[in-house]
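In what comes next, subunit A is part of two complexes: it sits with subunit B in the first one and with subunit C in the second one.
Right after this comes the complex of A and B.
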């Protein structure tokens, strides 16, 4: 079979992914997670009688807990494949990347498997977050002074 | 009204990320890193604080708020201790999120096996 024919055949059987559809799904799912965040903040600040700043900590921990649990149970991967950035950009993506790496490398042992791979994907977020926060903080400290 | 703002803000951030993901060769790792740096940059002059006051939970959920919390903790401590405070306070506000993610991940990896 010629190369061109082969490429034609491959492109026929490739799953069609519409970029517009992907973007709309990411928008809707991300938006729903945003509403969920606001709902949880109000829920915690009302029922636990705490400030909304403390309630936001509870909210983030709740989202991380459920993202982590659903990843461990195995069906969060499908959700992420469907919603893509809709679930990667919220804090759920951070927890998902850690738990999925941890479970994937479990068979290689507690130190070289789980221990050294848990931050394989989330590590870049922490590295560049800390470096940029330090750098921008330094700039602000020099310009404004605190 | 704050729910609509939450929906729109979080949704639009995810939309931007998805458009970048589909149209460039950047991976989700690149994009989350870019968004964290953006969050830290926006909070350098307290812009992200204003967004949170306006949008509420919708601005706390995306990963940009992680960068915002990092620099916010650092600047809080820097107010008391100067330059060394930037290092002391870096993880003050994000500690809960990172610790929760680590602890939950560890517990779940003890009990669950990979699917296939």
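Right after this comes the complex of A and C.
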């Protein structure tokens, strides 16, 4: 059988993924994380009497802290499995990717384990995040002058 | 290539499993069940070593022999440098052969062990294999706590250790023949659909076995593939019909779909996989059924996706292989 024919045979037996349902869950959970973030910003700026820019930093730190804590306690992976990109795309996903890698490679020690593997998943996000930030900065500079 | 055996018998077998397998429909048939994935060890890799070590020790106890009585140990697993097998066999002080055919390892081990026994060079031989869900996830995919979502076609690496003691002393189950499979590549490259990559290898080995032995599929009471999963199983039945004109659907099943309760254990998606998946089902359920006389001729076809993340990232396809072993009840 030709590879092309076999590919057709395989796709005949491929199950339908519930894309719409997954997207809806991700949308709702992602939205809830967003609302939570906004509430935290309001909370910090009101009670600590700081600017909303400073409060955003506090909010990010809080979300990172809880995502990492829940990863360490061992149930965040089950949430991610359910909510999918609803929890992977926000800052919670970034924290989760680093904590999970850190936990996984702890046994190989601080250098060859945690040190060389903690950015295993987050490395791409950082690299391409920095590169695209540079490009968008450049575009902004050219169009609006800074 | 099919090799016929006349004096190779199944002496004993043992199975050790983790929590997910214990909860499955075959849960009560296993010799030892752990309710924790670490099973008292400090890392996933060490946990896998322990599972294999346990299964070999239980095997010796059941067969009432000591380590010194074992002529040869043949073992393989999924970890880099087949390290679980090496560390588990470390205390044996027996001649050791480490093998790799991914999830087809169990049948490769049986074929090699049987060939050694048939030649008269060894009296008995242990063929063992293991896999661990977490050590495999760590090595092949993402950190285990990451829990990235997977498509429905993905399979779940089984956790356990399984050992088989083969020897020349007659018992009521014999290894009748073994077929060594060929490496197949039909252009599949989705690591979340290994069933599609492996089905052609299973089909080729089954076809070759039936051709070499001049048998029809209905010669066997049961033809069992290793870990094609729900979708791979359908692909195999369809592919066998279109490519070779053989209908195996009447007496065919897949170990990956038998190890777990697919309705209530949805985390396994399309079913179980890993070298130990087929070994667990074969050394518990299948051999039990043969001993009770419910099955008398069984063709085990362990299927292996020779998946290398490096080669797949370099845009190569996933290769696959399947080895078959025919077991028969001696009248």
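Operating definition for what follows: the second predicted complex is superposed on the first by the 122 of 146 C-alpha atoms of A that agree within 3 Å, B and C clash if a C-alpha of one lies under 4 Å from a C-alpha of the other, contacts with A are read in each partner's own complex, and residues count from 1 in each chain.
Heads up, the rule we're going with is that a contact is a pair of C-beta atoms (placed from the backbone, for glycine too) under 8 Å apart; a residue touches a chain by one contact, two chains touch by 3 or more.
Every value quoted in this text rests on a predicted model; they were computed, and no experiment measured them.
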*Which of the two partners, first being subunit B and second being subunit C, lies in contact with A:121: first, second, both, or neither?*
both
*asked:* Looking at A:84 after the superposition, I want to know if it touches subunit B, subunit C, both of them or none. Which is it: first, second, both, neither?
replied: both
*Scan A:137 for contacts with subunit B and subunit C and give back first, second, both or neither.*
first
_Under the stated touch criterion, which partner chain does A:63 make contact with: subunit B (first), subunit C (second), both, or neither?_
first
*Check whether A:40 is in contact with subunit B, with subunit C, with both or with neither, and answer first, second, both or neither.*
first
*More subunit A residues touched by subunit B or by subunit C?*
B
*asked:* Contacts for A:30 in the overlay, against subunit B (first) and subunit C (second): which applies, first, second, both or neither?
replied: first
*Of the partners subunit B and subunit C, which touch A:9 in the superposed model: first, second, both, neither?*
second
*Residues of subunit A at both interfaces, subunit B in one complex, subunit C in the other*: 22, 71, 74, 77, 84, 88, 99, 103-104, 107, 121
*Can you check the complex and tell me which residues of subunit A touch subunit C?*
1, 3-4, 6-7, 9-10, 12-15, 17, 22, 71, 74, 76-78, 80-81, 84, 88, 96-97, 99-101, 103-105, 107, 120-121
_Per the contact definition, I'd like the list of subunit B residues that touch subunit A in the complex._
2-3, 6-15, 17-19, 21-23, 28-29, 31-33, 35-37, 39-41, 43-45, 56-63, 65-67, 70-71, 74-75, 78-79, 82-83, 86-87, 90, 96-98, 100-102, 104-106, 108-109, 111-115
_Going by the contact rule set out above, which residues of subunit C touch subunit A in the complex?_
42-43, 138, 142-149, 151-153, 186-188, 193, 196, 200, 231, 234-235, 238-239, 242-243, 267
*Residues of subunit A touching subunit B in the complex*: 19, 22-42, 56-57, 59-61, 63-65, 68-69, 71-74, 77, 84-86, 88-91, 93-95, 98-99, 102-104, 106-107, 114, 118, 121-122, 124-130, 132-134, 136-141, 144, 146
